[in-house]
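The next part holds the structures, each set out as structure tokens.
First chain A sits with chain B, and in the next complex the same chain sits with chain C.
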Partner chain A sequence: MALDQSKSNIPLLEVTNLKTHFPIRKGVFSRVSGHVYAVDGVTISMQDGETLGLVGESGSGKSTLGKSIMRLVEPTSGEIKISGTEITGLNKQDMFVHRRQVQMVFQDPYSSLNPRIPVGKIVAEALQIHGIATGKEAEDMVKDIFQRVGLRPSQMRNYANEFSGGQRQRIGIARALALNPKLIIADEPVSALDVSVQAQVINLFMDLQKEYGLSYFFIAHDLAVVAQICHRIAVMYLGKIVEIADRDELFKSPLHPYTRALLASIPIPNPEIRPAKDRVLQGDIPSPSNPPKGCRFHTRCPLVEEKCRIDTPEFKEVSPGHWAACHLT
Partner chain B sequence: MTDTTHTQIPMPSDDSGYRSGWSLFAESSNKFLELKLNKFSFGLTMFLIVLAILAPWIAPFPYDVVDPARGLSAPGWPHLMGTDQAGRDIFSRVLYGAQTSLSIGLVTVLFGLVTGVSLGAISGYVGGWVDEVIMRLVEIFMSVPGIVMALALVSILGPSVPSIILALSIRRITQFSRVARGSVLSVKSQDYVTACHALGMSNARIVFAHVLPNCIGPIIVLASVLLGNVILTESTLSFLGMGIQEPTPSWGGMIAKGNEFLTFAPWISLFPGGFLFLTMIAFNLLGDGVRDHLDPRGGSVV
Partner chain C sequence: MDAQAPVLELKNLETHFETRDGTVRAVDGVSYSVGAGETLAVVGESGCGKSVLSLSILRLIPNPPGKIVGGSVMFGGEDLTQVSEERIRVIRGNKISMIFQEPMTSLNPMMTIGKQISEPLTQHMGLSKKQATNRAQEMLDLVQIPDSKKWLGGYPHEMSGGMRQRVMIAIALACDPKVLIADEPTTALDVTIQAQILLLIRNLQKKMGTAVIMVTHDLGVVAEVADRVVVMYAGRKVEEANVKDLFANPQHPYTIGLMTAIPRLDKITNGDDLNERLTEIPGVVLPLYDLPVGCAFADRCSFTTDKCRTDKPVFEEKSPSHWAACWQEMSS
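Presenting the complex of A and B:
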């Protein structure tokens, strides 16, 4: 295993050509009749202290990518390096040690907390199983973590059902923070919350980042949320990354027609301005078990040309730090 | 650790420590008994169990003394609940019958619960071929009518209490394992279980601390329903001559024997039937109460 060499050169997270396919089984003998290509060749990297946003429609494979990085689902092929250590081949013990570095915050604050355990114990359990602290010591640490995420220590003994959605999400964040990770994978952490509460939780994420130098892999489908918190944004469509750029660059000059369609879908608070018709996406995302040939977006692309139907566009750097996969750029 | 299943009393104190042990248990039980319905079902259950234990001291007559001269006498004095065709005192037989029926019922359900829930939990949690094998086995056992299976087993092993318990358990094992498997399947896909995996928790800990405690609701309800069911099935066995053997009384056996005299001496079946009815009511209500009590989400107030 490679240890930290010079910290700045090694990306915190480096995903190379990652594929996660799920077999579709049929019949009595569970014959494999096809695959769902949920993540199909993703390459991205992240630096320390960075927030990378990942946006895309439902069914584009965002959550599967996040879970693959956590190895909550086993990737089919490809590499995942965290601080230079390849984790796809690690056995259970090595992976256990490794889990301290990467933790996850879930989308649904209602199903992400065990309803039968006091919330303080949920967080303390993380400390216990990793041998960080037990008993009174763990309790004190949990108290501290609770304060950091904006909860009262007296709330530790309450059960999840006694909290609001936003508070539950804070508890979920506390559980992730307990192991003092470098990277937090946040799987649509605010999309189940009220708008006013969303802002509070996003602010909490940003405060914690400032305080502890955390990095976030922030999955979302709401561009307004992503714009607020992310340094860089990746756009995913049908298992592939179609565009990556710095936030401002992406909003100012989106290259991929899909990115433009997503940006056009942000409501404008002025009824006089109507989005251009051709910018609005028609139809549904195709099935990831049978993705279109050529460019995967060609079935819905307003600018589609003949070669889009045949050739798969290369993912290339169009300007420094701005990558896109489209024949027309 | 995980001693938190019945500790959901949020105290308005600022002390964030968790108390444990007896004080919590006592407080929790007091809270349980605050509900009138729980008080009733708990009281009735205890009453029946105490009756069964104290049978030798309460019963005015031995359960097996035959006195044909007093046969089929109606309820009155000295036979509070009358006598059967052989002149045996029904009241005494009901008390002794409580011993057999309650112990067969409780032991069978407990054995079925432990075995069935273990099988079902393994099946649901591990999945894959393990699930296939266990569930196909369960289906094979379910495809044979329960009473036929029980008859076959008792005729092989002989009609003793342990073999009757074993014979009655097999059916319960399949029932518990299916219910447990279903609950485990639904709980294991919850995000809080995924979060446990993300923390790197061991599977044993996930199952015992996070999955099973969230599956107990339907299991408790099934247990309380099956208890009455088992006592009745034992009566069918008795009726077919494969149950508890005369003269030892069991409620089921007494109800079955009283059938012939139902038109002119209904008390022979009526009194053990009434006790069976009370037992089922008591355990069903107690089961519901315990389920709601263990659920920190509040639950219903009936």
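Presenting the complex of A and C:
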């Protein structure tokens, strides 16, 4: 469980004050009339071999954060360092090389695989594009990867529509693994799957980590899934990280009222403990184009005080490794 | 609850679809009943037939290719599979209402919220326009939409997902139905909003005495809202029990599999170490047009014997009011 922090002083991933804003354009001249502050000042770091979970509701900016780290969307400002290399300024060719280190697995295994190409070729393509292997050599490598993710090599000739959801997600994982990355950004990789299949894919993620020392940046809305697989967990709300801590610490002593509300909202599969009525959080998540002043959670916070409406709380280390942004902690 | 006569009773319902690959037995002889004020959860994974089952109750199955080929749906002394098209239209949305997973696609984007709630009231209950509008506002208040008066003239796209689902509930309950069928009503919502909607459904049910059929894949939701549970697999009912019995002492290997396959948050608070492998249910659901003669779960089950492959298990009472379709005896 405990990670060897001494292995290297350079974090695998280091994100500093990252902002990704999307302009809202209006009218005939497409004038910028405002911004969606999807990611608004995020600082996180990850060690080699670690799984960092990122949880939050829809609209919290968690997917945009994942895509920003891949530079699939261009960040507005801030720094992203992979193994010490700053990547926000890299040109296309340099970025291309960097992408081999960081790969992504997507939520929807139905729309992220080309239906007209045999799945073996989808994976082989990654090897060809990056000049790792071609022809027979690539085929052999794909065969090997297929076996590693629990697919039969004979299935390489089949098309995506011939596979079930869980198998498609295995193909998505095979594609990400092909380049032998250090870090895999997994954006809701099991949320489209049925529970029995979800367990298979979660186990696969954990097995592959053990085998290859992979690191995962695991984005999900389901806290139970995140708890199963992650070493540390970050909670995101309206573009900002509000709390980050080791898994057990976060569940045992959550500090931010939003984290507490999230934990209390999850239905527990045990009818003997039916939830208290007062756990329900009022209202919806506000629009990220016009986030509330002060603490962004103040419109829904049960403990709100005057200060929360005016001042933005500082993100501070409350106990070793446990950070939270709340005036009341 | 048990002493009451059931409000809705399904007997051996069978819904089949004719496809190129053969006859899909989406619902293969399912029976259940639900009483006033009771919540029955129907659980299963995609493709188990739980949605087709709910749609069959209100005869909302497109025909062709689908058809109710057997069984009955008894409601208020009538068999809904036999009544006329006009009659079923009177019952739909009036006596038995339904809410769906995706509130955006179930609402009409071109029609104001107020109109969508009041329309069934003028049609089903014969209210005047003015009365119906008043009732619509009352319903919006009841489902706790702030500024209900303003929202009467609003459109669905202006609302958040949680608000839309509240509107769906308002529409569904406006005619004071006897039965509410909720098909994955919170699956598309965030957990904090899910908690709001589940609480709302429970409170309204208490107030109005509605029988609720909660169709879901989420065992957490089941544990939270259900009185009784029906577990479905491959179009068949594999287990039925009171919610506490089901969780304490599951009798079907599939139910046991479901329960051990989900990551459990409650374990962390107990100090158990997670990060260990989950128990998998191997394989996938078989295509419903090609089910084996014996138990449909036999290929994925770790208790399978030869009998499971040749004989379809009988749905029998394993302990008082706890039924399961399995040849094996599960120890408790």
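Note that the second predicted complex is superposed on the first by the 313 of 329 C-alpha atoms of A that agree within 3 Å, B and C clash if a C-alpha of one lies under 4 Å from a C-alpha of the other, contacts with A are read in each partner's own complex, and residues count from 1 in each chain.
As a working rule, a residue touches a chain if its C-beta (ideal position, glycine included) is under 8 Å from a C-beta of that chain, and two chains touch if they have at least 3 such contacts.
The model shown is predicted, which means the values in this text are computed figures rather than measured ones.
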item: Chain C versus chain B on the shared chain A, clash or fit after superposition; value: fit
item: Partner chain(s) touched by A:229 [first = chain B, second = chain C, both, neither]; value: second
item: First (chain B), second (chain C), both or neither touched by A:273; value: second
item: First (chain B), second (chain C), both or neither touched by A:126; value: first
item: Superposition-derived comparison: chain B or chain C, residues of chain A touched; value: C
item: Shortest span in Å between Cα atoms of chain B and of chain C, once chain A is used as the common reference; value: 9
item: Doubly contacted chain A residues - partners chain C and chain B; value: none
item: Touching residues on chain C, where the partner in the complex is chain A; value: 45-46, 160-163, 190-196, 198-199, 217-224, 226, 243-244, 247, 257-259, 261-266, 268-269, 273-275, 277-282, 284
item: Interfacial residue positions of chain A with respect to chain B in the complex; value: 67, 70, 72, 95-96, 99, 103-104, 106-108, 111-118, 120-122, 125-126, 129-130, 139, 143, 153-154, 156-159, 161-162, 172, 175, 179
item: Complex interface listing, chain B residues touching chain A; value: 2, 4-5, 7-8, 10-11, 13-18, 190-192, 194-195, 197-202, 205, 209-210, 213-214, 294-298
item: Complex contact set, residues of chain A against chain C; value: 1, 57-58, 164, 166-167, 194-200, 202-203, 206-207, 221, 223-225, 227-229, 231, 247-248, 251-252, 261-275, 277, 279-282, 284-285
